[in-house]
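One structure below.
Labels A, B and C are assigned to the chains in the order they are written; within every chain, residues are numbered from 1.
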Amino acid sequence: MVEKFDAIVIGAGPSGNAATYTLAKQGLKVLQLERGEYPGAKNVQGGIMYAHELEKIIPDFRDDCPTERHIIEQRIWLLGDDNYIGTNYRSESYNSDTPNRYTIIRANIDKWWGERIRKVGGLQICETTVTELIRDASGKVIGVRTDREGGEIHADVVIMADGVNALLAKRSGFQGEAAPENVALAVKEILFIDPELIQQRFGIKEDEGVVIEIMGKVTKGMVGTAFLYTNKESLTIGIGCLISDFKEGDCTPYKMLEDLKNHPVIKPLIEGAEMKEYAAHMIPEGGFKAIPQLYGDGWMVVGDAAHFNNAAHREGSNLAMASGRMAAETVIALKEAGKPFVAGNLAAYKKALDESFIIKDLKKYRELPGIMHANKQFFGAYPDEITQAAHNWFTVDSVDKRTKEVSIMKSFVKRRSVFGLVGDAIKLVRAMR
Amino acid sequence: MHIVVCIKQVPDSAQIRIHPVTNTIMRQGVPAIINPFDLFSLEEALRLKDKVGARVTVLTMGPPMAEASLRKALSLGADDAVLLTDRKFAGSDTLATSYALTSAIQKLAEEQPVDIVFCGKQTVDGDTAQVGPGIATRLGFEQLTYITKIEDLNLASKEIVVQRRSEGGVQVLKTKLPCMITMLEGTNTIRFGKMDDMFRAARYELKTWSRDFTGAEEAKVGLKGSPTVVSKVFVPKPRAEKAVMIQADGSSPDALAAAALDAIFAAQPKLADDLLARAAAGL
Amino acid sequence: MSEPSKPQGRKFQLPEHLKVYQNVWVIVEQERGIVHSVSLELLGEARKLADKLGVEVGAVVLGAEGPDLNRICGDAISYGADIVYKVTDPVLADYRTDPYCRVMTDVVNAFKPEIVLLGATTLGRDLAGAIATTLVTGLTADCTELDIYLDNRSLAATRPTFGGTLLCTIQTLAYRPQMATVRPRVMAMPERDDSRTGRVQEVYPNLQEDSVVTKVLNFIADREQNEAQLAFADIIVSGGKGLGKVENLKLVFDLAKVLGGEVGVTRPLVQAGWAGNDRQVGQTGKTVRPKLYIAAGISGAIQHRVGMEKSDLILAINTDPNATIFDFAHLGLVGDALTILPALTDAFGRRLSVNRMAG
């Protein structure tokens, strides 16, 4: 007897969990299949949890969600070779009952999601890989096949939340291979350290957190960013660059991470910490232009598999959760109306996305990936020049300030020429609009 | 036929690390798994089930999170699962553990008599290999450990013939049910569960039994019922001296090898004589 | 494995009725007339413990009547026993749990030793758990170190836990006898002293074969050439993951051959199918104490270390100068095992054959 569900969700990451929970909560019969040994086993994130999106799905998540620290300070740093210039934003108002962002350890959150999903009646089965989608004569997706004997399962709709590789969608011909300049490879380590030290070094109290987003010379001229987050008793440090750049360059991701850890500005912050875990993962970086077909007859794509990542703001998991929720809401609406799950009806999912911050933000930054990829000076020349300029400016010597100003400007001009500087400014504006 | 398989959920010992500040075991974040040795016994039980149609009940004594291991066992094909859990069991050594598990097995036997109890050879966190023999002794079951093969099982006469790993060879033993068996590692490969077993395991309503329910006496479980006590836990002291690195003129393998020989013979002159004697004897 | 309770070992005082338990016993394992060397190692250890306590060493030998058993009793005395309990019965000819357990518990109850040691072999571990459960006493398995806390005359048994990352010391305070098993080659083999004298106490348990349900149908000996004789090898050359490919294991075999030694491997190689687990050296494999141990391409993880760190001389070869193995090896070579092994094979070959020709 073949099992039949209202929906099958493939993947137990943020988007898959959001979709499964939303469906189950509404009383639909939903099956979630995860290929890892336990939910989150194959998932890697920095990571930052965006409470606003999670509240929409599970308003009382704070009761038992194993977050690390709630973020009260955001730092953005531009690193030179042995220096940096940066900016901070800190606010006491984040010390409320409902903080806006938290640092998290991904595996713990997915495990928690699993428990919550089970509580609302969702069925989650792990260690099971979906090998292909089953279609009927007209090509409509009607279920999945797994790697286990007797693994044919039917559903009205299949939601693919299987991550950046989007294997299933690719195998089914719904999207093509991602271009290497549209995917980044990031590596990270969790460094174990005494919470007292974290609190001292970052100027925070217990439960308060700081996140540092880093750009500059640490990516060795390649398009990429780095980060350092404070967890309860550990620090997460990571760095990633476009795969296309790794291919051309000769620095391995791991070496890049080692150099980052040894950077004179970073090293004192992680002194004395012990490496507890190492992970690597790919991140969609193509933005709006890389978004694939999002739905069809009997299927939808959510999360990283849909290339939903806002690289400019390092926002991915909130887009994932929101898209998972929207996909689920589309399914719920159709089920209640008794309408079939064909492309024409599932288009409501795309409509919801278009009207939301997801597509709006991705559209805003649609030129950014392309411009960054073609303009490596933002990752080499500019970090150099800007940090040099800061150094020059803040070093008090007998040079008068006007001469300093002039020498700074001359340095920029020498490096990029006036034409280049103007061009860069225009490109940046285009990228951010 | 009714088979009970005792399993234990253990931290994946390959991933255990020591807290650099407090010198205790860091358990959080270390995934819990079914004790690998238990899987060989579980697989053997499932093969008997396939062969003669036995009913397999999986039993574990542990905290609530041990439920995950029971569901894993169900997803491989076990029919029923019992979680024996109670705060009073905390701190049990192997004597107290075999007592508690025996009380649960006796309770299971009230429903249907138990013919075989399978246990894992040993656990990767305790390594004692004592619980299986403890259960056999208490139940008065014939004890068969380090079994490499079940040659024959005759349900009518209740006779079983097994091969048992012994020093320098294999004993072929014949005995009668009921018996307790621990399988040697590497004797089989745990199967990849079928999809309908995965569904059944996910939907199964677990039986949770307390100390009270099985009738285990408080004085015989937990710390109170454990003759052995851990008086200290410590990090092994690293050896004071590190290796003397062998240097050679040049870094060619031959130069390094020659320097190594010199160093070896300098450190252990008797060894040189020894090797020569062995070489002379044509060994 | 429980977390440590309050350190109470030293303050605890033994209840009166248990003070009558005296002497340190070793259950001597013999099958088909051959004594397992671990029993002799344990006699050496028992001697040390008994001397600390000021008591005698007892050896228990079980089997069928015959010259083998008599010889074994003599051996036990030569290796340190003061008194040998010779338990004979045809039913004990082959090892079976039930008769051995019954007899041992009777003998223990009759003569009341305070400590009983067994080798952690298949026989020892099968028997120990059954005896401890019947006697309702404490048993500590796979101990790497045994000692006496004199304040309360208790046995302190130390063993690795959690995959060897930690050690723990375990005691059986309020029960007797205190039982422990020890793996082969962990304790040193004592010197044999044929001038030693001791008493032999005959015990006739008078068993009925009918009362034993398990029958031994057959014993199939292992074919010699298949099993590696690692445990007793004086020279061992071992390979680890640093070798890269299974084909490179040949270089380890070549060097072992020229040295007249045995080949060992680390657990990952066994798991990868490069060698059988009869060659595995380490916590879940064999413990070895050779005169020379050459470790090629081995990182030195604790699980391997505990299996070979008592070797007289350890030479480690590794490309990584920070490899853990250099923390406890005696000699270190930073380099590629793939080129150094053949160079060593050459060098040893020349050095040893030159002398052979000369001698």
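Here, a residue touches a chain if its C-beta (ideal position, glycine included) is under 8 Å from a C-beta of that chain, and two chains touch if they have at least 3 such contacts.
The model shown is predicted, which means the values in this text are computed figures rather than measured ones.
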Check: Of the other chains, whose C-alpha centre is the longest way from the centre of subunit B?
Finding: A
Checklist line | Nearest-to-centre chain - CA centroid comparison | finding: B
Notebook entry, point to check: Between what two chains do the most C-beta pairs come into contact?
Noted result: B-C
Check: Using CA atom averages as chain centres, what separation in Å is found between subunit B and subunit C?
Finding: 19
Next item on the list: Compute the distance, rounded to whole Å, between the mean C-alpha positions of subunit A and subunit C.
Entry: 53
Notebook entry, point to check: If you average the CA atoms of subunit A and of subunit B, how many Å lie between those two points?
Noted result: 41
Margin query: Give the residues of subunit B touching no fewer than two other chains, as numbers and ranges.
Written below: 17
Check: Okay, in this complex, where on subunit A does subunit B touch?
Finding: 3, 37-38, 41, 105, 107-108, 123-125, 128, 146, 148-153, 192, 194, 274, 276-277
Next item on the list: Mind listing the subunit C positions that touch subunit B in their complex?
Entry: 1-5, 7-9, 29, 31, 34, 36, 94-98, 101, 121-123, 125-126, 128-130, 132-134, 136-142, 156, 159-175, 213-222, 234-235, 259-260, 277, 291-292, 302, 309, 312-316, 321, 325-336, 339-340, 342-344, 346-348, 351-353, 355-356, 359
Checklist line | subunit C-touching residues of subunit B, taken from the complex the two chains share | finding: 11, 13-14, 16-18, 24-25, 90-95, 98, 124-134, 136-138, 142-146, 161, 163-176, 186, 223, 226-236, 238-239, 242-246, 251, 253-254, 256-258, 260-261, 263-264, 267-268, 271, 274-276, 278-280, 283
Note to self: Under the definition above, what is the set of subunit B residues touching subunit A in their complex?
What the structure shows: 17, 19-21, 29, 31, 68, 192-196, 198-199, 202-203
